[in-house]
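Sharing a structure here in structure tokens format.
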Amino acid sequence: MINKVVENAGAAVRDIKDYSTLMLGGFGLCGIPENCITALLSTGVKNLTCISNNAGVDDFGIGLLLKTRQVVKMISSYVGENREFERQLLSGELQVELLPQGTLAERIRAGGAGIPAFFTPAGVGTEVGNGKEVRTIDGKEYLLESWLKADFSLIKAWKGDTAGNLIFKGTARNFNPMMATAGKVTIAEVEELVPSGTLDPNHIHTPGIYVQRIFQGTNYEKRIEQYTTR
Amino acid sequence: MINKVVENAGAAVRDIKDYSTLMLGGFGLCGIPENCITALLSTGVKNLTCISNNAGVDDFGIGLLLKTRQVVKMISSYVGENREFERQLLSGELQVELLPQGTLAERIRAGGAGIPAFFTPAGVGTEVGNGKEVRTIDGKEYLLESWLKADFSLIKAWKGDTAGNLIFKGTARNFNPMMATAGKVTIAEVEELVPSGTLDPNHIHTPGIYVQRIFQGTNYEKRIEQYTTR
Amino acid sequence: MALDKIGIAKRIAQEIQTGWYINLGIGIPTLVANYLPQNIEVVLQSENGLLGIGPFPLEKEVDPDLINAGKQTITMLQGSSLFDSAESFGMIRGGHVDLTILGAMEVSETGDIANWKIPGKMVKGMGGAMDLVASADNIIVAMQHVSRSGNSKLLKQCSLPITGLNCVKKIITDLAVLEIASEGGFRLLERAPGISVEEIEQATSGKLIIANDIPEMII
Amino acid sequence: MALDKIGIAKRIAQEIQTGWYINLGIGIPTLVANYLPQNIEVVLQSENGLLGIGPFPLEKEVDPDLINAGKQTITMLQGSSLFDSAESFGMIRGGHVDLTILGAMEVSETGDIANWKIPGKMVKGMGGAMDLVASADNIIVAMQHVSRSGNSKLLKQCSLPITGLNCVKKIITDLAVLEIASEGGFRLLERAPGISVEEIEQATSGKLIIANDIPEMII
């Protein structure tokens, strides 16, 4: 199998340039590419457009890149956990496009799957529909939504092999598999990197064809946003 | 978990009525719902519209239902293995709609996922595009294709649990997962039926929410169309 | 007396039938899971990728890779399944989820709902709410009848940005159970214990449809 | 002398670069896998749901649940992955497959291809061919230069129902290697060993573009 392994996060994100569009996996702080985010803080790349369901919290996840003002635009569905985000948005420093979560997921899948546009009922009659084509099909109204693609997709998986095949764990899967398909260059960081042939082909969530670079991540904090016990 | 188990194939297909639209999983003879097909031969239900990538061979799979003239229309992508099919088609006894394989797969997925229509490049400039909307997006032409749904989807899985969760094996997965999502009633036959809680939630290919009935199949022949060794 | 949050959750729990797949929004809806009758089996969906939400974990069970849509740590029941966000919203959009329960800031008498934005004030985003309300056949809103500032939340028309049009089927508040009438209007079905029809009328800004005899809820 | 099928497969194999994901059609394209240079690593896709096609199985390895798109029993290489048909055509449509090699009945000088239907005669269906030709950036056609009935298969316009428009990049036949010129026409790149330019001209019905010196293939 084709070997996709790179040394570390620094090597993986080295060629991400100013004004790039990035997709970052994760839901809240669950399943986010922690190592890649840290590496982007080091490169200091600027004017990024980030596509991610959430925007992290003030001091973790994408919130770190907001604090350093490396992000010029966010495309997300829910950003309620981040005060710095809200401040930059209300002050006009940050451009924001908010989308229904299912529309966001489907537009990313469409980007990876060569579907340039599709109809969805979400957002009909709301400000999400402004400027979008509306069509009545079988008596119900739908909005036409277009695909989303990225220059780089930053993915976090549980296990991965040297051929780029990925397995996610629990609800840390979330947006990661679609984003892996929609990046011109997809970078996967994994908790455990194993030789090609180790993973059961029937258990693989993301086939290696979508992954251009993979590396073994380190020091995962996996911060919990709402620690809740019974 | 909600229990979806029915006694056997006969009980599962009992209420499939004349003029129903069925989806049948499988690619060639691989991963086809053998038990359900046999049960349909017994009920003698007629004037079925069958959506399936292939149409079986003369004496196995959907070919059996063609021989008994229970099928009035097929929606497929490739039917080259079945002489009885070709005879009925050329004589006008059978209506046939042939679709690009990827379009078929995506239309079925769309039916299950609440996407009434989407654009795809497959078939532009061909007779598949006749009567369909063509749109140029980012300089490339696409056809608008609509969702496909079925009254009943007949699915074959490797393992399944009483809650309807399914795991497929090898390339027997093929069209089965999408079809499971697109049936008003989805019937799954499995080689091994296990108690709910036995399967790893992270390995499940088809979540039980899509499955209304499940049963343990018997006497799988799993005929091989092109037995090839090195 | 007006119901507290637990009361609302208990009343909503009575709406649930065995065999249903259900998406519970954040807040009061989440509480509903605690008051389901013993004899029914339902499966709770978390739109971030899980069917089969279990109780909150014991301390030793906490797993940062297993959270609900409110970002709380959770457990999985036996028979659960995990999937990605595209699959999850395929389930929702495709009508496979039988019931959606969510909170609202405002509901109109034609079943419009507003629950995601207060212009100039709150910009959190709609999350999955727009997909849920645009797709589900059966939508119950759980909310206070009147806002903290004293305004009715059951209106002729929503004043806040809309989340979805003509989608709410039923509303369960601290004061009443109401359904959206097909001709428009809030049809009063039940009163909270000790609450009069007049009190509900006063708290409802949109058109209230009142039959002769409105029973009290049984909680 | 005109190449045999193996000769065509061997010549096509030279087009393949390490690191590519490749979809091989039924017939001559399938043979290409046998002649890949030792030092390159590629992954073969089977559109029915597999990346990493291995050699045909030993008799004891035969598994009816593991077939290729031609319905032949196969094996998987280490590092393979399995998926459903929607995912498989997502890969194809999304441009993730680097090279598609397929057979054809006719190719036009603008890169149109016809390979799925002979009206009134053959109704097998297009299978995945229309998706492949509509999506892939790099499409090589493997075929005989002339049909069994003696007609050129490289035409000004296709006479049979089209599979896809303006999609073929390169054609490798028993007589020649040709590419579709951006201005239209078949640009002759190489001759089969011992085949003259005149023989190729005679066998080509569409516009043939011939430079001064056309090298022989090295097989």
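For reference, chains read A, B, C and D in written order, and residue numbers begin at 1 within each chain.
Convention: contacts are C-beta pairs under 8 Å (C-beta built on N, C-alpha and C of every residue); 3 or more make two chains touch, one makes a residue touch a chain.
If you're wondering where the values come from, they're calculated on a predicted model, not measured in any experiment.
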item	value
Least step count from subunit A to subunit B, where 1 means the two chains touch	1
Higher-contact pair (C-beta pairs counted), A-C versus B-C	A-C
Centroid comparison with subunit D (C-alpha atoms), farthest chain	C
Centre-of-Cα separation between subunit D and subunit C, whole angstrom	56
Inter-chain centre distance, subunit A versus subunit C - centres from mean C-alpha coordinates, in Å	29
Distance between the centres, which are taken as Cα means, of subunit D and subunit A, whole angstrom	36
Junction residues of subunit C, two or more chains touched	50, 82-83, 86, 89-90, 92-93, 135
Residues of subunit B touching at least two other chains	106, 109, 113-115, 120-121, 168-170, 202
Set of all touching chain pairs, with the criterion as stated earlier	A-B, A-C, A-D, B-C, B-D
In the complex with subunit B, residue positions of subunit D that touch it	46-50, 55-59, 62-74, 82-86, 88-90, 92-93, 112, 120, 123-131, 134-135, 161-165
Subunit B residues within the subunit C interface of the complex	1-3, 109, 111-115, 161-163, 165, 181, 196-197, 201-202, 204, 207-210
Complex contacts: residues of subunit D adjacent to subunit A	18-19, 21, 41-43, 45, 50-52, 76-83, 86-87, 89-97, 135
Interfacial residue positions of subunit A with respect to subunit B in the complex	106, 110, 113-121, 135, 137-138, 140, 142, 146, 167-170, 202-203
Residue numbers on subunit A that touch subunit C, as the complex places them	27-31, 53, 76-81, 86, 89-90, 96, 98-106, 108-109, 120-128, 158, 168-178, 205, 222-230
